[in-house]
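Chains: A, B and C, in written order; residue numbering restarts at 1 for each.
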Amino acid sequence: MSAAPASRTTSRAAYAVAALALLAFLAVPRVGIPNNAIRLLLTTFLWVTTSLAWNLLGGVTGQVSFGFAVFYGLGAYAAGLSINGGVNPYAAIAAGGAVAAFGSILIGLPTFRLRGPYFAIATIGVNEAVRIVMSNLEITGGASGLRLLQAGRFSQAEHYYAGLGVAALAFLVSWRVTHSPFGLALRAIREDQDAAADLGVHPFRCKLAVHALAACLTGMAGGVFVRYTAFIHPDGVFAFATSTSILLMPVIGGLGTLSGPVIGAAVYSIVQEEMVVHFPQFHLLLYGALLILIMLFEPGGLAGLWRRLARGLRGRNAGGPGEGIAAQQQLTGGGS
Amino acid sequence: MKNTGIGVHGGSRRPAARPAIVCIVVLALTLLGPWGSGIEAAQGAGCPDAIRIGLVFPMTGREGRPGTYQVEGIRLAMELINAKGGVYVKECGKRLPFKEILYDDQSDQGRSVQLVERTMSSDNVVAVIGAYSSSLGQAQSVVPDRYQVPWISPGAGASTIYSQGRKWIFGVLSPVELLGYTTMKFLGSLVDQGKLDKGLKIAIAVENTDHGKEYVEGVNRWIKENPTAFKVVFNESFQLGGTDFSGILQRMKAANADIFLSDAHLQDYIAMHRQYTQMGLRHRMVSYGARGTEEPARKALGPAADYIFAGIWWHKNLPYPQVKAFVQEHKKKYQREPDSYYPSTAYDSVRILAAAIESAGSLERTAVRNGLRKARLTDSLLPGQTLQFQENGQAMTPFVIVQNKPGDKVDFVYPEDSRTGEVVTRIPR
Amino acid sequence: MGLDDLLNLFVAAILLAGIYTTMSIGMTVIYGVMKMVNLAHAGFMMLGAYFALEMSQRLPIDPLVTSVLAAPVFFLLGIATHRSMVRFVPVADEPTLPSLLLLFGLWLVLQNVGYAVWGADDRSIFTPLTMATFRFEGIVVPVIRLVVFGIALLSLVALHLFLHHTWFGRSVRALTQNREAGQLAGIDTGRTAMLTFGLGIAFTGLAGALLANLYSFTPDFGGSFMLRSFVITVLGGLESFSGVAIGAIIVALIETFSILVVPASYQHAISFILLVVVLLVLPGGIEGLLQRWRRLR
């Protein structure tokens, strides 16, 4: 299961390209790009982070969670409370990640005993329960939300770099995990959990581990978010709509791949900004229709479409509804 | 047969160059996207041909109806001012009309903040008017100090927004705490007049937001000053936006109170009172905070809404000439009378902004902000007819208490000098 | 809390259980035959509610009567939905993720349709009957809940007759128990699936229309009811129709009596916590529990 022989030179090219990209993004605040664009990039970085994180659990390991907003919110609240308590902002963001990871273990311990769709439904329940509890907990502000005590001058660049940092971290982690034995184990769990167990993988432990990793990244994104907006509210960060957005991005972009979640997040960000300004009343329609079309025609999302087009240019035909799913099943060799 | 789920393979074997390239291309697109739409000429020398005002309100979503009413009030004010040529700006030596740039935040806090940031950073606005409801106001109020653009809210009344040392925010809505206090003051005056016995029991059920909490604070402040007048036997909060209130109503029933005080948003008020009536609950006097007289509620609840009293920021029957004129203009433009206070505070925010710009003599943001600090509207639509902002940015106009009467009528019952009818202290069966 | 109050609560719970059963049957039927969890359940309930609203505004007939019309209308709607998208999802013995996400996407689309057509304002149906109460020996029952309960009960009786006394009904039960055996017995699974989906949506739409008479609603109405349906369906054993009634009674009782111990603002969380607990502790539902008990004897 090793990479293709040509990978050594292309790996170096890959690192070079990645480094260049990083440099480009680092330079953004300094070259006079308008504030509005920087704000949008910051938002995109946060979505990229949650997208990559969710993909680790949902795309690579096949455990679809409808309740990831829980970790975003936990991270945001933990970081927010820490900052209000005088903690250094970056430590607070890390604390957010840690609290989210801890939360994921508490949630994962009971729920990972459930298989696929039942796990998914359970996560909806957990999401809503957490939201309602947080709406009523006085120490965190309850339904009034949590306000960050303002300190110092506002520097948009600082927030931008924090967002870039978290996104880069998420990308790095995803990259490493997918190319590691751990990633292999995760994919085995996705294909056939029982067979994987027979081969010596510990599905429960692996699921808990990747869940914690994904939750940590998402929580850190939440920490960057709370620092930026200085005010969070349970109906915002713990909303079911937030969970929906988090899962939409990797699905649209292409589950299981590295570029898919990034594409999905970027597309979502741009589209969302334009839609909110010009067509606020159609965004649900857009995402719902996208989901339906993707499930019927191209479960591989935009990344899968790209691949299909690339193959198509070499002479294969595309099919009708259901062909997407059926083709996918063929590729994977079907179930047992 | 096992579930194969979704999942695409091959990502692990591909050289990482492709994902990296894709990432760059896509993120570059992100840059170009907003670049194209976001760049406006910087606010520089020379006078623009209009006074651009950003408006960020919920036009759809949970708060869509009040939000729309507020925007209607703003538009009416701008239209009337523009009809006279606009606002006189000394620096430009002429009158300039208002121009609105409207965004719908769909009652979503995240979007609300996103849009305020967008308009403050790239729409070249002189000021932003925004936020119906205190939670949207809380979220938006973080932004003005960052971009140093004046912000006025005609719909956010929670005082915590204005107690954080911010320098660029202004609120036209009087604090909810004062609403709670005034309500109790009114009830106390009834005890003094002998219309209510001393020591009656009060049940309080408020929404679990800042709005509800501050209402209770106001109530408690009065009770602390007058400990023997009433006794609070029930005090709980409920989730905003729920549809089923039977739980809290059941618990309240067991408390056997004489007076029921609540503080709720319009929809919750309607749903709650419907269930209240269906469960056969009864109290001598009932209030839902600032709610009670709204037309949709009276239509939905019918006779069940009679005799409910409310402490309101404004009512269309206030006996001032400027209110009559406003109601007439509103009817002319929108073919209906203003419902509840929503359009009135929005209308006055535009007027006080115009006054501030005129006194500042310029469109420069800091000058406008300083103008707002000193501005004073002496023909305000609001009770007391004077609108000006306190030190912390929030206005503090007095409340009037009104009571619903049968036949879709409303009476002013407090303060004494604005009374138009007798208060009913025991709701008839 | 006096005996009167407790009795009131009990009656309220039973009335609630009736409508909960109707609402959950829709989900159970679809799960039983197609092994799909219908995440668009909430969307169809919402459409049912607006259907009732439209009927109440256009026809001078009492909305409770016209709510019943929702059943045939939504039956057709369900069939249309199946033919246009659901049938392309490959069959499996367990719910698959594509089916989950497809139906979830459908829910989003339906929500948007709701917003586009009816706006985001809260709507409710008020008739002279809305405030009427029926009093008996200290028990106060809103008349409207009584009528809704009655209609729900009738629909369940109709379903029972259908499942046990028609050929189609029997094929539905057969496929629910064992798909392959059913196919061997000559049942046309494709057609049965289509008609079953229609049946499930019919009950869902009917439930939505009935609930519209009790609560106010917006286009994102239905989410919390859908989750309750999950709880009830799982409690009922996922494939047993009588189990659904038991599950509905349990959930209704817990929800109604929880107000005695849980503060009002936490009450919404109860159905969600119940969901997680039930999924973990009783995956076979009450029926599974009973079966195991029977086998032990």
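As a convention for this text, a residue touches a chain if its C-beta (ideal position, glycine included) is under 8 Å from a C-beta of that chain, and two chains touch if they have at least 3 such contacts.
Predicted model only: the values in this text are computed from it and were never measured.
Across every pairing of chains, the maximum count of C-beta contacts belongs to A-B.
With centres computed as the average of Cα coordinates, no chain lies farther from subunit C than B.
For this pair, subunit B with subunit C, the centres built from the Cα atoms lie 37 Å apart.
Put simply, the C-alpha centre of subunit A and that of subunit C have 33 angstrom between them. Looking at subunit C, one finds that residues 92, 94-98, 101, 115, 263, 265, 268 touch two or more other chains.
Contact of a single residue of subunit B with at least two other chains is seen at positions 1, 3-6, 60, 106, 208, 239. Within subunit A, the positions touching two or more other chains are listed as 62, 64, 116, 132, 135-136, 251, 281, 295, 299, 329, 335. Considering their complex, residues 37, 85, 88-90, 92, 94-98, 100-102, 104-113, 115-116, 223-224, 227, 230, 263, 265-266, 268-269, 272-273, 275-276, 279-280, 283 of subunit C touch subunit A. Across the complex, subunit C is touched by residues 62, 64, 110-111, 113-118, 120-122, 124-126, 128-129, 132-133, 135-136, 240, 244, 251, 281-285, 287-292, 294-296, 299, 321-322, 325-326, 329, 335 of subunit A. By the touch criterion stated above, subunit B contacts subunit C in their complex at residues 1, 3-6, 60-62, 64-65, 106-107, 205, 208, 236-239, 242-248, 250-251, 253-254, 267, 270-271, 274, 277-280, 300-302, 304. Partner subunit B is touched in their complex by these residues of subunit C: 1, 5, 9, 12, 92-98, 101, 115, 119-122, 124, 126, 130-131, 133, 135, 140, 142, 144, 215-218, 256, 258-259, 262-265, 267-268.
Against subunit B, in their complex, subunit A makes its touches with residues 3-4, 6-7, 10-11, 13-15, 17-18, 20-21, 24-25, 28, 33-37, 39-41, 43-44, 59, 62, 64, 116, 132, 135-136, 142-145, 147, 149-150, 154, 156, 171, 175, 178-179, 183-184, 187, 190-192, 229-231, 233, 235-236, 241, 251, 254-260, 262-263, 266-267, 269-270, 273-274, 276-277, 280-281, 295, 299-301, 303-304, 307, 328-329, 331-332, 334-336.
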